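Heads up, there are several structures right after this.
One chain, chain A, appears in both complexes that follow, with chain B as partner in the first and chain C in the second.
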Partner chain A sequence: MKREVIVETTTDFIRKNFLFDDKVNLGECDSLLGAGILDSTGVLELIAFLELTYGVSFKDEELVAENFDSIAKIAGFVSGKIGNPVG
Partner chain B sequence: MRFSPEILRIDVETQIRSIAAAIQSQVHEILRRRGAVVAVSGGIDSATCAALCTAALGKDRVLALFLPERDSSTTSLELAKQLAESLDIPCITEPVGEILQAAGCYARQDEAIKMALPEYESGWKFKITLPSLFSGDRLNVPRLTVLTNSGEVLTRRMPAHAYLQLVAATNFKQRVRTMVAYYHADRLNYAVCGTPNRLEYDQGFFVKGGDGLADFKPIAHLYKTQVYAVAGALGVPREIVRRTPTTETYSLPQTQEEFYFALPYEKLDLCLYGLNHNVPAAEVALAIDQPAENVERVYRDIETKRRTTLPLHLHSLLKEPVPELESQKSSLVQRGAKG
Partner chain C sequence: MCAIAGIVHFDGRTDSPEVEDLRAMISRIRHRGPEEFGCYRDHHTGLVHARLALIDIATGQQPLSNEDGTLWIAFNGEIYNYIELAKELEKLGHRFRTHSDTEVVVHAYEAWGNECFSRFNGDWAAALWDRTRRRLVLSRDRIGVRPLFLHRQGQRLWFASEVKALFALPVIPREFDPRGMEQTFTSWAPIAPVTPFRGIEEIPPACIRTYDREGILHERIFWQPSYPCRDAEHKNALSLPEATEALREKLERATTLRMLRADVPVGSYLSGGLDSSLTARLGRRAKQGDFRTFSLRFSDAEFDETEFQRAMAATLDSAHVEVCVSRADIARVFPAVVMHAEKPILRTAPAPMYLLSEAVRSAGIKAVLTGEGADEMFGGYDIFREAKIREFWARQPESRIRPRLFERIYPYLARSPQHTKGLAQEFWRRGLDHAGRPGFSHEPRWTSTSGVKRFFSQELRSAIAREQLPDLLTSLPSSFNAWDQLAKAQYLEIVTLLSPYLISSQGDRMLMAHSVEGRFPFLDVNVMEFANGLPPAFKLCGLSEKHILKRAAEGMIPATIIQRQKQPYRAPDAISFLLPEPPEYVREAFSEDALRKSGLFDVAATRMLFNKCIAKAKEAGSVMPFSNTDNMSFVGILSSQLLHASLSTCIGMDRGTDIHFTTEVDALSPRHVQRNRVQEAYET
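The block that comes next holds the complex of A and B.
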């Protein structure tokens, strides 16, 4: 799956569920945690969405800011998971 | 001066006199109530509040309420009774388990847990925990821990909808307790005393309409370390002072650290103070014996919790202000402050 598709789908999910406003700028590299877009419940919802949408599963040790703090990081991490589902 | 735990040292006697004066003014002059109801849990915060109210209003003007339910420990009830005895204040035990049962609190909890753990059986003990802030850059993802009847410990990440339902069902506990506290407050023409310390108040560690709802909150400005100092000077029983802060929210024993704060209160107090006073993370790091990057992580976590729980502090939002009431409210508060 193309990285661009993951970026688009994830951005759309975050907009609809956490921003509630199409006009707010949301850059690929914006910090989702630092900007307060995701709280702990939001993180749970995002993880569930990604696991269901892309058929991947995340280990506890993978649930770190480095993998989930921006749409760019999420897209990179999920792309890697799809390419290497065991890891 | 080098940043150290000393920074939180307060003149305890002055602090007690100042809080007692504020309680008198708030209860009698602003709220126009005769006394105060304090829900006493057996923990340090409610014990300190009960002792402060007693110092301020007199022992015949404070009612201690014990509100146990299915998941409350007997130790907590014993300690709460010990406190009321030591303060020589009236007390009432009102078990709230039947109200919670009728509201579906426990059944809804069980239903939520089964969403994450289908083999769960009613009666198994459980709790929710967060990873430690010092265990790397872990996201604050809550986990469900269950103890089976055979002693096996099972841990699962919860789906979001299950987690939200479990929290929502559990919040009945704080809301029912507040409802009962207000019953007694209304009956006696008393005010309800809220018992959060600064960490809890700042970080949104309360239930809106539950323990977050009260007429006055006399220790919300005190760091937890300072609450212990005040408690010691007020003669709060040692067993309460020595006890690890717990939540008593879920059926498995659980510290506040693993449920919400993810850090021992002594360290979190210093981090919160450091953040509030623009102390560089590296200085706080030396005081709590941690790398600076850990303190920076805590600073970020404090700011995130503060931001995401801010709506809990808001009163009902109005489409337009009602200026007549606003001006009367401010003059009432100002009169009380002068009194």
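The block that comes next holds the complex of A and C.
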């Protein structure tokens, strides 16, 4: 799956579920945690969405802020997982 | 406990306040004092009073005056040291005709002028009218337990215990103040003098406002929480055991005053935590005879503390009343709760308190002790412990060990998957590089609450941008920067949350909705000043909160309650309104029409939130809770919408025509109507 598709789908999900604005400008590198867009439950919602949409699953130790703090990081992390399915 | 209201015309004698307006005003707030009504009027001023009689049932009617009728008062609250003050005033030659604390206020003002207020130990909202000097004095207690609002137009002024009394008159404007919204969606409530309503001011806590004969305002703040400077030498400092003993005595005295200075039985709330268990124990000791306790239970186990409440009630041997609150109960009473709070609220937690006071009233009790204030005075909240860790971490921001201290205060973190830890750390990392900033302790909370502002409409955002917003952080006490970090956090907690939200929206307003007076031993001036003077380590010892208070409680309440993990008082939030189906009023509040009408929130965004929440609630077997942001957004928007809708509906026809004044003094009436037992006592 192309990285751009993941970026687009994830951006759309974040806009609709956390920003409640489907047109708002959201940069690929904007910090989602620092800006207060996601709180801890919000991240759970996001992870559930990614697992369901891309058929991937995350291990506990992968769930660190570094992997989820921006759309770019999420897309990189998820596409890596799709490319190299583990267990 | 009571309601007060009044109208003052500083200009001329041509046009005096109308008794019918006073009647309409007091009618709207009669829940605060349903037992007797009284009214005073002269050329310039009208005072009106609704009474809930707790002290001097027979002769404590109001409005009330001095010997020669030149000084009149409408008073809400209690002065707990009134007997001691009366003795002092008698020595100065003052004569008393009643046994009420209100009359003491009149004579104290005569004797000491505005200095009288700092002598009072109690909670009050007072309006004094000095007829000779044509001067109005409005004052509130140190923490702002009793409410007081006003509106000014030129040389006319209206004041009342609750805003709804002002809104009884068509002349008073009724619209939202963008500043109130901005403050609510930052720190949970508008900070006085700002209110949710444009043109309506709240008298700040510990404030004395004097309006002279020209209507010119002189304002003075006579008290504020104050703490020792960080490096101050503690002269005559008490050891921890000595301080514990002294605290026990002060708390006992504070509680005893609140039990005995009443001519009706006083009950007690019992949450199952340390603070209310302690005040209930001391209350039990103070007075022989029956003792009633009241507890909230929750059908949601997550919020329930039944086990500890029952354990405490058993040791008190009290007649114990339990109110079990369900989600449906919260949804059912929420509109009434918002009407009483008169503020948008971000949590449903006031709703159960509304139901609890209803049970108190049904049991025939008019006053209760509560443990409110202990967490603020003795460093009980997690926010104080977080701030301590964050300050420690800020000194070594790269440390991976220091932030692990959060696991000590939130044990669930230690058991949590890595991402929760990482996120929690991200949350607390906010503002870490600004450890010296005055708002350091509260910034994470203010930032996360501010997330809800993303729902504000463009219109509201522009309005806020145009306003001059009072900035709390630039008007701090001059010694603030010299205080310890804990003291700074305590100050901010008292000023931004205790006064405008906990003691108000969740306190006085919910109690008085059912004519019940709250009495707060931890807000006794002697207890507060003693607590504030203690070294920070006596309060927050390492990460152990309320250290000295726990020691003081030893032997008085079960060890299991002293040692238990502190449980913050919470109630189910958004979920209360969503299952099985949102009630009609909720759908209405979130409807496009209603959202457009209020203009407060972005319609598309709010609809998206509403649909998200409905879908989430319905997810079969969903175990994922609502996020804090979604909960605050849902409840905050719902309450704002309800409050806004009430602005257009509360222009009712209720003019209070059924209200009969048992005290009526009308200097304008051709017959000089004077029905007042105090005055009659004079004349005979």
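Keep in mind that, in the parts below, the second predicted complex is superposed on the first by the 84 of 87 C-alpha atoms of A that agree within 3 Å, B and C clash if a C-alpha of one lies under 4 Å from a C-alpha of the other, contacts with A are read in each partner's own complex, and residues count from 1 in each chain.
By our rule, a residue touches a chain if its C-beta (ideal position, glycine included) is under 8 Å from a C-beta of that chain, and two chains touch if they have at least 3 such contacts.
Quick caveat: nothing in here was measured; it's all calculated off a predicted structure.
Enquirer: Considering only the touch criterion stated at the top, classify A:D21 as touching first (chain B), second (chain C), both, or neither.
Expert: The second partner, chain C, only.
Enquirer: So, A:F68: does it touch chain B (first), chain C (second), both, or neither?
Expert: both
Enquirer: Just chain B (first), just chain C (second), both, or neither: which does A:A48 touch?
Expert: both
Enquirer: Between chain B (first) and chain C (second), which does A:D60 come into contact with in this model arrangement: first, second, both, or neither?
Expert: both
Enquirer: Could you say whether A:S40 touches chain B, chain C, both of them, or neither, answering first, second, both or neither?
Expert: So A:S40 meets both chain B and chain C here.
Enquirer: After overlaying the two complexes on chain A, where does the chain B footprint on chain A coincide with the chain C footprint?
Expert: Common interface on chain A, chain B vs chain C: 33-34, 36, 39-41, 43-45, 47-48, 60, 63-66, 68.
Enquirer: Could you pull out which chain A residues touch chain B in their complex?
Expert: 33-34, 36, 39-41, 43-45, 47-48, 60, 63-66, 68
Enquirer: In the complex of these two chains, what residues of chain C are touching chain A?
Expert: It is residues 417-420, 422-427, 430, 447-448, 450-451, 454-455, 602, 604-606, 608-609, 612, 624-630 of chain C that touch chain A.
Enquirer: Using the touch definition up top, name the residues of chain B that touch chain A in the complex.
Expert: Within the complex, chain B touches chain A at residues 130, 136-143, 157-160, 163-164, 300, 304, 307-308.
Enquirer: Quick one: which bits of chain A touch chain C in the complex? Just the residue numbers, please.
Expert: Going by the criterion above, the answer is residues 16-22, 33-34, 36-45, 47-48, 60-66, 68-69.
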